[in-house]
Every structure is written in C-alpha cells, then in structure tokens.
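What follows is chain A paired twice: with chain B in the first complex and chain C in the second.
Up next is the complex of A and B:
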C-alpha cells in the first residue's frame, strides 16, 4: 500500500468539519471520563461537562448547517472504484443533531433536579453520575450516526452504539429490582433484534454485493426497468412485481431491527416493561431520542426506495405501478403504522401505571410517525415552479418529532416530579394533584391534551401536518386516506387514557393527601414545555410547518454517481 | 364584505377576561370580572343590529345577491400559509357574520351572560372550590362558542369547535353532580369522535378541490362551481364522495344536536352539569350541530343533502317522538327537560331535512326558540333544586302556592317549551310542520313529507302531555308541608328569568319583526344553493 492511497483514507478537514457535532460528542464523552481523575467524583461535574458539550455541539451543528446550505454533502468515501460515502450530512441529519442535543440538554436538566431530590436518600445514583453521562452521551452518538448514513455497516454499528449504553442506562439504578428486570428484557430483545438485523444485512450484501442502500435501490430500479422493457414490448404491462425473495427477506430482517428501535408492532413488547423499570430520566430519553432516531432511520431507508417525481411514474402504466417494490414497501410500512398506533392506544386504555400509560402512548405516537414513512413519492413542490421541493413525509415527521419531544419531556418531567415526591408511579398517586401541586398539574394537563392532539396545542399542529402530508399524497395514492382515517379514530381512542390521568388530577381528590412544593427547576422545565406547546398551536403554527419544510428539502437521496455506476453494472 | 373588528372583540374579550381572572386577588373580583365581561360581550353583540335592522331597506341590500356575498364585520387574515408563493393556499383567520350566524351570536351572548349571573351563587354550591378556575373556564367556553359561530374558515371552525370541549369537560367534571366523571368523559369522547370525523372531511374538502382552487373558506367551497363539480364527481376510497362526506359530517353534528342514536350523552351531561352549564349546553352547544349542518353540510354538499333527506327526516321524527316518550317516563325533573330538548331538536332536523326555504326558516326559528326556552327551563329546575336539594318530580307539589312569582314564570317558560301559541316554541314547531306538509310543492319527489308532518304533529300532543303532567305534579295541587317555607325567587333569579320570559313572548308575538327578518334572507340564499 503506497503512501498516496493511504493518504486518501484520511478524511480531509472539510469532511471532518461536516461531522464536527459527532466529534464534539466524542470529546465530551472523553472529558466526562477523565474529569473524575482531575477533580474527584463530584456529581455536578459530569452534568456540567455534558451541558457544555451540548452547547458546543449545537454551535457546531449550526456551523454544519451553513456548510451544507448549497446542498447535501457526503463524506468518508473509501478510495476504491464505485465506493459510496460512509456518512452524509444534509438538512435532515442536521435537524436530528439539533433535536438530540436539545434532548440531551433537557434530560441533563431533569437528571440534575432528580439528583437534588434524591440527595441523601439514594446516593448510589450520584456516585453513578459519571457512568450515567458517559452512557447517555454514547447512546446519543449512536443515534446521530443512525440518521447520517446509507451504509448498512455504519448503520449496524450506529444502532449498536445507541443500544448497548441504553441497556446499561436502564439498569443504572442499581438497587431497583424492576430496573434490573427491565434491563434484562431489553438486552434479550435487543440482542435478538440485532442478530436478526445483521443476518438481514448479510443477505442484502450477498444479493447485491454492496452495503450501500442507495446502490441497492438503484439496482432495483434498473432491474425493474429491465423487467418492464422485456415484458412491455408486445402486451400492455399489468403485473410486474419484483419477486426477489432474498431482497425481501433481507429487508424484513432489517425492518425487525428498526421496529425494535422505535418500539413498533410487532417488536413493541419490551417497551412498557422497560419504560416502567428504568429510572424516569432514562425512560424520557428512550421515549424521545431512541424513538426519534429509529424513525429517522426508517425514513432514511424508505426515502431511498421512494420514487422521485410524479406518481405513477410516467413511463409506467398505473396498474403496474402498484406492484413496484416502492409501493410494496410503502404499503407494508403503512400497515405496520396503522397496527402500531391502534395496538398502542388500545393497550394503554387499561393501564394503571402512569409510566406504562406513557409507554403505550409512545408506541402509538411511533405509529403516527411511521405513517409518514408510507408516503412514497418523495419530493413535493411547495407550490409554483420556482419553489423549493421538499420531502413531504420527512417534513411531517420533523414537525412531529419536535413537538413530540416537548410533549414527552413535559409529560415525563411532570410525572418525575410527582414520582420523586410520592415514591410511586401508580395512577392513584396523581389524585388531587390539581390542588396539591397546581403548577405541576397544569403543565402536565397541557402536555397530555397536546399528546391527544387537541387544538390549540402543539400536538394538534404536528398531527395536522402529518394528516396534510398524507392527504396531499393521497391525491395519487388514495389508500393513504385509510391511514388518515386510522389516525383520527386513534386520536379519539387515545383521549380516554390521557384524560384518565387528568381526571385523577382534577376530578378526584383526597383531603388526606398533603400539598407539596415541587422543585422550582422542575416546574420551570414542564412549564416551558407547556408554554411552547401552546405557542406552537397558535402563533407558531405556520412557522413550524415552514421550518420543517425547509429542513426536509435538499435531502441526500442517492448519489448521482451511484446511478451512473449502475448502468454499466447491470 | 364589510370589514370590522366587532367580532374579534366579541371572540377574544372573554379570553382577556379569563386571563384577568387568573391574576386578580379575590374570588369576588373574579365573579365581578366574569359578569362584566359577559355583559360587555352582550352589549357589543347588540352592535350587530346596525347591519341587520332593515326596516325600510330591501332584503337584497342587507343580505346581498347570493350566499355569502354580503358579510358583516369581516376580518380576514392569513394565519398559516401552506406552501410558498402568492397563490399558495392559506388557512385564514376569517370571521364574519351573516343572517345565519347573527341570531346565534346574539343567543350565545345572551345565554352566556344570564348563565354567568346564574353562577353568582357558586359559593353555595355543593362543590364550591376553585371559583377562579370555574369562571376562567366559563369565559374560555364563551370564546369557543362565539368562535364557532363567527368562523367562516373550516379550519378555524374546527379549532374553535375543539377549543370548546376542554372547558366543558372540566365544568361538568369538576363542578357536576354525583356521576360527573362518567358524564364528563362521555360528553368528551362522544364529541371528540364527532369532531375527528369532521377532521377527515376538512382534509378531504381541501384535497378534493382542484389544485389551485384549494381552500378552507366555507363560502368559497359552497359557491365555487368548479369545486362543486369536483365534489360531485369524486370518489373517496371507493365510495361516492359527497354522500360519504355528508354522512361523516352528519355524525359529527348529530352527536352535538343530538340526534338519535347519538343522543345518550345528553341526559347524563345535563343531569350532572351544574345549572348554568346545563343552560349553556342546552341553549348553545346543541345549536352548534344545527348550525354546522346549515353552514357546512348543506351549502357545500347540497346533492348529498337530497340523497339523505329521507333518512334525516326520519331521524328527526324519531327524535321528536322518542324524545317526548322518554321525557314522559322521567321522574327526575332535569332529565325530563333534557329529553324534551332531544324532542324539540327533532323539529330542527326535520325542518332542515326537507330543504325548502320555509323548512330552514322554521328550523332556525326553532333553534333560537329552543335556545331561549330550554335554558330558562333548566334554570327553573335549578331554582327549586337549590331549595329542595332533590329533583324528584313526584315528591314536589303545590310549589306555586309558596312561590307565586316563580310559579308564574315557570309556567310561562314551560309553556314556551310546550309550544303554546303566543310563545316562541309555537312558531318554530308550527313553521316546520307547515313547511314539511307543503314540501312537495318544492320537491315533487318528497312523497313522504306529508305523512311525516302528520306524525310529527302528534309529537306536539306528547309534548303537551308530559309538560302539563309535570306542571300539575310540581306546581299545582295541595301545598306540601316540607315546601311551605320555600322563599320566593330572589331578585337575582327573577332578573335571570325575566329576560328569557320577555324574549319568549317577543318571539311568540312578533316572530317576523324579532327574528325572521334578520335571517330569512340568508336562509333563502342557502335554499337557492339546492336548486
């Protein structure tokens, strides 16, 4: 190996700059690890470093966003013929990095309040501060990588990087039996899902000879075109399906890993147990960040298989369009989405534990977000020829995730304040909360109503943009109206269990239960979430949609090189 | 279109007052703010008369040349732009009043003000905590209700429709009777199911309009021929578009009206809700269903209205007869009034279903008449409940003797509900019956209209039956020992009952001058759309 080619393996400064948020996160992890050696094991230190790291990371992400203003960029291309990039940076990944840094900051805030609250009663969690933050930041790193690659190998590493620390985080309260049980369940499920996923990846590699998803998609495109041209010469095409067992099996196995990450049916069983057993900061983190990253990954993967341009493709008879692999993927995702949100909502109806209710609610919300992945016609003009095109489904999910982050942090944060005070997370612990701690109850009620999706709150805004995206694509694919119907009926179902919590807070009371003073920082956190949700439902309704559309434009779909490559490979 | 800010003040004045309620120190001030705010809203809403009083002017000058051509106090602001470019579709803050919404806006402000007065004695209720919260939610409720009647943008209509739900849930759930939790959640879920179906229609109306014409404006959707043609031709998941959308909307509105078999939330909610909230429920919330049909379903989907007319007429009949029979069987005073509401709203549905100008007029008159008589009846029930602490009809007797003034007003109120000539209830029911009987003159295919009118007329007999029987058991007969010491209605109670009584008389004696001429122009324009 000569030095020149060795040089090519080293990423350039520009490339490194593109991935500076991840690098800063790595630096923060190292700093958290090293800090105890220098200043001793003080619990506030890792938290402080984490907050600092988040802040620098946010700035770096902003810098990246200016760097990619002209278009998406890809990096880390190995020096080989036909090699594809290992990592990408586009607006979608920038959004994810911002979201994850924001979530990290909020979780750290919550953890600090919790640490204060538990002071003296459970010093174990304080001694574990360093470990907690190392694990938290590492899983965040994995999640960032999950949405910034098309390379299956990188994806697997990213998913494992995100998952392994999460397993340990769930068990981070070493005295909790439930926590240990939850972690064990999580590991078992996670390991199985990973194994199946890796098997699927190996099948895909064996079938296509590449690890790059975009190349696989292009190969399929070409294969499809070839099939069509051979059949369509004489008779009109009515039925050309890509029947490729290895591809479908590989994709399904990959799907197992993704549905596990976002806790979608049929891989959702771990979710309520883990959410219940884990410390509440970790539950919040899993419900927001882990799910967000999983949905992002799903959208990424679906987006490479989607069709660019109008639907049905102009050179394809409409009857045949229904049998394309893109359509099949979309329908499968759509069915899974519908089942997921229905199962989540129905199962939540009879839960008595607030964390479990919120766990099932997060399954349901994963279902809503997955609906956006069923939109297969990728770019959609915002109106007029000159206007920017954006990916309708991705825009909907971006808006949804941002709102979902606030709703869930608010709901879990308020729950945490109550749980830390009363020591139990049963529904009955919320009795009379409207009297006992009005400034926890009110923001919690706002967050819960927002989770239902009632106007004028952010939850409605998010759902509205999702339904709008579905309706827009339904002009060409009427079956998406079914998803609209499923989504709105689920909204009505979900009302019942969210309102159960509200009912417990406001409609029931027990004079024996004393009022309590929640920590000011906690009240500030949940109130901030509630106020922003209110603004998102009213004044920021339009701006949220516009921001989301801006972030969903210029998505790195397929490298032009990969497509050119194909023509001679087939 | 005449621009103006009056409606904005009407809608948001209660919101401002609600915020004030949160910050002022004492409970008494909170009550004062609430009464002043609702009173001020009422006074402001009277300002709408300047546009609709048309003695001396022709109807055309007031109502314009066609549906939605002449709107008053319009504010049209872009709220949310969907997409980019000057011609991109917009969601607008679009409010305005026409002959259809004008009487309902007025009814809302009147009933809300009087209900607010009825809440004045909240300290003496069984559940008298959280006075601040009560009035805050009460005022937010008024914002929601006025918003629904003023919105001319479907999206905005939907938002206000939902905004109304939350305060109502808490008002029933926190300050209600023994089964309040059940009643509150039942109300909430029923209404939400209806409104999510409306959400589907909202999206479908938008996306099924031709690209470039997409809009949420209720006026535009009804008037634009291209959109109308697209709706007539389209299919939705294999069903014909217009009928399916009509059914979805109808379920949403039928839950509110309420129409059999979606009515079961109503007796529960009414019985458990505190008196002022029952007044608002019966006086205003039920009217939203009818308003929705007249504002959204019929103007936008007239063909589907024809398609469904028989079914809707039949449901109206069922409501009339079934509601009356149920009312007759009740022993709980409040439940009786609640079922009588179901029965009376049946006339509204029947009047709308026949789709003639006279039918719509009768239906709207019945809406307003019932909006006056039913809150009055609920308050009348509330007055004796405050004294007797029970509502068993059979345990009362001879109340007129101990409370002569109250007894007279009560008789007047219940007679108005019964439909005695000279009072408001008569005109509405009579108008609907006559219109139904003669509907074939307009729609020759409506062969079922005459029999329906005959059957509906028997409802009047049933109504007379249960109301007279109730009056006899409660107010007449020998004075009972336990009710001898009942104090006469207080000045506040009379002050609440008197305006209702005056309005019931006014509408009954001068129906044209007091109501028909303010709305007939607009209703005739809607009927024009059916041709």
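Up next is the complex of A and C:
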C-alpha cells in the first residue's frame, strides 16, 4: 500500500474499544428505530431505550477514561511513523462524552415529564417519540465526533451529523407555527454557515496540503521555530508574517462555522428565535449540548494555533511580537468573546419572554467561555512551552462547561415546568411563583443566581477560575486585562435581567393566579441541579478545579515525527 | 493558447463562491437561498479537487469532495422537509414572512 495513504488512519480493531461510547450510541439509535417493529409504537419505549443507552454509555465512557494514558492520541498506535489519527480518544474527548451522555440523560428525563404532562392535550409529541429520540441521539453522536475529530473532513461530517438532526428537532412539533418558523431560520443560517465553513476548509487544504489538523499544527510550529531562529541570529525580522491571505480567509470561513455552532457574534442571530420557537426540551438540548460541543470544537481549533516555545520570542522587537499568527488568532478570539458577551447581555435586558432571556444569556455565556479560549492561544512567557501554562485557560473552560450544563438544565427545566402548566413563556407567567409553586421557584432562583455568578454557587466557581486564568496570563499579555474588565462589567449587567425573573417570582403576586403542583420528577430534576450547584460553589470548589486541570492536559495533539518532514509545505 | 491550471480553477471557484454568497444574501425565497448554499458547496468541491490535482498530489481532497456531495444532498433533504413544513403552516416559503419570532 502507498505509505502516503497511511498518514491518516482510523482505529484498528483492537483500538475500537476506545470508541465504545460512540458505538453504544449507534447501537441505541438502531434499537430505537427497530423497537416499534417489535413492540409497537408506544411513546415510553424509545425513551426507556435512550435512558438505558445513556447509562451503558456512561459506564463505557468511564471504563475508557480509566484505560487511556496521558498525552495526545492516548491509547492509539500509529500504523506508520508520522501518521496522525482522524479521531482522537484523549481525556478531553472522553470528558465531553461523559458530559454529553449526562445531558442526554437529563433531556430524556425532561422529555418524559413533558410527555406525561401533555398527555391528552398534545398527542403529536407522543406519536413522534421514535423520531424525536432517533434525531436526538444522532445529534449527540455528531457532537461526540465533533470534539474527538482532528481532521477537517471528519470535522465537517461531524458538524453536519450534529446539525441536520438538530434542524429537524426544532420542527418536531409539526403543528407549531413558531416551531416551523424557528426551524426554517435555523436551517437557513446553519446551511449558510456550514457552506462557508466548507469553502474555508477547501482553502486551508490548498494552503497546507492536508486536511489533518495535527499536521497543520506541526507545520505552524515549524514556522514559529524558524521565526525564532531568524530572530536569534539578529537577521532583520522579515519572516514575521508567517501566513497569507488564503490562510486568513480560510480561517475566517472556518470561524463562521464555529461561531454559528456556539452562537457567538457574528453568527448569533438564529439563537433567540430558535430557542423561543423550539419545544423546550429541544431548546435545553441545543443550549447545553450543541453549545458545549461547539466550544469543544473551538478549543480543538485554537489548540492548533498555540505556539510551542518561549513567548515572546527572544530579541523580537515588541512591534513584531504582535504579528505572529498565534497572537492574531488570540486577539481575534478575545475581541469576538468580548463582543459576544456584551451583545448577549445587553440584548437580554429588554426581553419579555423567558426563553429569549435565557437564549441571550446563553450567548453571553458563550462569550465568557471564548474569553478563556483567547488565553489558550496566548502563551505565557514564564513557562515557555510547558503545557501547564496553557492549561489554566483550558481547565477554566472545562470547569465552566460542566457548571453551565447544570445551570442551564436547571433553569430551562424549571421554566419548562411552568410553561407546561400555564401554556405561555412570557415573563408574566412567573408572577408569584414563590407562592404558587415554591419548589420550582427556589431551585430556579438558585440556578439564576448561579448564572449571574454569585457565591456560594457553582457559577461563581466557574467564573472565578475563568478570571483567575485570565488574570494570571495577563501578567505577560497585558491586553487580557481588557477581557477581565469586560467580564466583570458584563456580570454586573447580567445581574439585572436574571434578578428581574426572580423579582417576578417573589416580589410580585397576583391572587387570581392559582397555586399548582408540579410533577415530582421535574422538581427532583431542578432541585438536583440546584443542590449540585450549591455543592460546586462550596465543598467541591477545589475538586472541580483540580479535575478540570487533569482533563485539560492533553488537547495539544502534535505528531512528533511529521514535524520536520512537512515544514517545507508552508 | 491559454493553459488551464490551478489559478483558473481557483478563480472559477471564487466566482462561484461570490455568486453563492450573493444569492444567499439577496434571495428571500427559501429554495433560492438553498441554491446559493449549493453554489458555495460546489465552489468548495472545485477548490478541493483542483488543489488535490495541482498542488498536493494526494487524493484526500477528491475523497473529501465525494463526502461533501453526499452532505449537500443530505442537507438539501432536511432543508426541503423543513420548507414543506413551513409552507404547510404559513402557505409561503418567503423567509421574511415568518416574523412572529423577534425581539
């Protein structure tokens, strides 16, 4: 066989157990599809199969996580020197698989409560149970592949696998006018973004001669090493611009696709409309899983542009130091993060619909997470190439994602309980909730305070690690202080609209509105989220950070042997 | 006589991309926008094949093209299903007519 064709490889049979989470998910999808043929179309059957699949998947992911060692491409043996895998099974992707199985389980739980609640009034959702779960599980599979792929082609396929079922999920309530409109907007935005992204990928392929991200990373590394040696011999700094227009165009187009997935500026317009129009289980799924997978993808992409070696390069004039690709990417991500955060928070101020408020809040949170992505790119002078200096940012994002999952499932879950009861998602439907349904109002208030980032809740922990990482790196990269200031100001702004919901629940009341008994399963779900958030803000403050640090260690995948051979391609 | 090389293919692809972008931003008909998307995807495919043939020398670009053709078909199928659903509720496929979600 031509050795060149071995440069990208998929796992061999004895490495397949590393991908057992994905395989179990595929098996679950098939089981959900086949089940109606065997037992008839009962709505509970697909949900139960999905729950079972999630449980087995969680156990399998846990088993995989104990098997893989440190470092990128853990547990995988390349068939040829310099070959790089198309799919990675490292700690980072395993963490994501755990997170996604957890989210999948929570959404299924929420769906079951909703199905019970709507029984009789809306039989459409029951009839579509099989389709709903097939689509949900398929999009979960796409998201898992998104965070484990390290090849631009696999990345595109993964993004589409995640996106296409999501479009259909938004329209899963076929009689809903708003659902139809939301799905149309989502699919139009999504198709446009992914088409532009694929064009960008084609440009990057032409620029680097490969679709392999790890090869692109080592090519950029080699370029940076060349720059450093040029500077060290005090030759005039003419090679600082290591990149060209094709590179930047390709990267910008790729960025369109990624910002669409995480609903960041400039591709955030779909988010509030889709979140409002979609059934609330789907909204929860999109706000949690889709965003998390998008952030994971962002981290994978920016890890390609990190600089391995001392920063700034020795003897490099300060004016030139700002002009390497890594610095430019960092600044771009940072600016987008700051704008995303501010736009999300300012737009949320004047919303009257709770789903829209939470949608804009999720845009703002995407901004906070992107700030940490800017740290990842901006390397530290003190530690040089050591992974520990990068890890603060990466770990901050991982901790943030976990907390974000709980906060959003709690907030959307409580909203869902109210919406299913009252039939509207306007802010006024929360009036006097503290009296009418105290065991929904209290966990919701906890989740909202956590979204603000107030101690002693998980949201504070997450934001603390984020600001700490920003502050630490800002010692050598002073521009990061701007992000710190933006984050703090935004937290203050966000306080207003979160507290507005809480005020509506506790400080206003209307005696005409009756009290109601929420379903016990729903109260258990939101209370569990609230309690874990409380624990994360107090007892698990330190453990969360340490765990995230351990998970963040091996995202920088570089094939050791391919480096020298490929440096001529730039 | 003009020899056709990488540059010509890239220019054609860039032209297709610009056409697609123009169509996507100006058309209000959902099917029109979808056609714009297909143009951009075809530009990407052309780029991949041209780069693969003239610059890289391996066939991974051409393989990627096959995958993208399949993706485009899948995307069109889902998109058109959603258009039908939209048409059934609003009796139009003008994307501006759906204006109940705003704020």
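FYI, the second predicted complex is superposed on the first by the 496 of 570 C-alpha atoms of A that agree within 3 Å, B and C clash if a C-alpha of one lies under 4 Å from a C-alpha of the other, contacts with A are read in each partner's own complex, and residues count from 1 in each chain.
FYI, a contact is a pair of C-beta atoms (placed from the backbone, for glycine too) under 8 Å apart; a residue touches a chain by one contact, two chains touch by 3 or more.
For clarity, every value in this text was computed on a predicted model and none was experimentally measured.
Q: Check the contacts made with chain A and report whether chain B or chain C touches more of its residues.
A: After superposing on chain A, more of chain A is contacted by C.
Q: When the two structures are overlaid on chain A, which partner does A:506 contact: first (chain B), second (chain C), both, or neither?
A: Touch status of A:506: first partner only.
Q: Tell me which partner A:542 touches in the superposition: chain B (first), chain C (second), both or neither.
A: first
Q: Mind working out whether A:496 is in touch with chain B, chain C, both or neither, as first, second, both or neither?
A: Touch partner of A:496: chain B, not chain C.
Q: I'd like to know which partner A:471 touches here: chain B for first, chain C for second, both or neither.
A: A:471: touches chain B, not chain C.
Q: Looking at the overlay, does A:488 come into contact with chain B only (first), chain C only (second), both, or neither?
A: It touches chain B, and chain C stays clear.
Q: Figure out whether A:454 sits in contact with chain B (first) or chain C (second), or with both, or with neither.
A: After superposition on chain A, A:454 lies in contact with chain B alone.
Q: Per the contact definition in the header, classify A:157: touching chain B only (first), chain C only (second), both, or neither.
A: A:157: touches chain C, not chain B.
Q: After superposition on the shared chain, which partner residues are touched by A:167: those of chain B (first), chain C (second), both, or neither?
A: second
Q: Would you tell me the residues on chain A in contact with chain B in one complex that are also in contact with chain C in the other?
A: none
Q: Inside the complex, what are the residues of chain B that reach chain A?
A: Residues 79-85, 87-89, 91, 129, 158-159, 162-163, 165-166, 169-170, 173-174, 180-181, 184-185, 188-189, 192-193, 196-197, 199-200, 203-204, 206-207, 236-237 of chain B touch chain A in their complex.
Q: Taking the touch rule as given, give the residues of chain A at its contact with chain C in the complex, in rising order.
A: 4-5, 8, 152-153, 156-157, 160, 164, 167-168, 171, 174-178, 180-185, 187-188, 191-192, 194-196, 198-199, 201-203, 205-206, 209-211, 272-273, 276-277, 350-353, 356
Q: Which bits of chain A are touching chain B when the two form their complex?
A: Contact set of chain A toward chain B: 382-384, 387-388, 435, 449, 454-456, 460, 467-468, 471-472, 474-475, 478-479, 481-482, 484-485, 488-489, 491-492, 495-496, 499, 503, 506-508, 541-542, 545-546.
Q: Tell me, which parts of chain C touch chain A in their complex?
A: 10, 13, 17, 20-21, 24, 30, 33-34, 36-38, 40-41, 43-45, 47-48, 50-52, 55-56, 58, 60-61, 63-64, 67-68, 71, 74-75, 78-79, 81-83, 85-86, 88-90, 95, 98, 100-103
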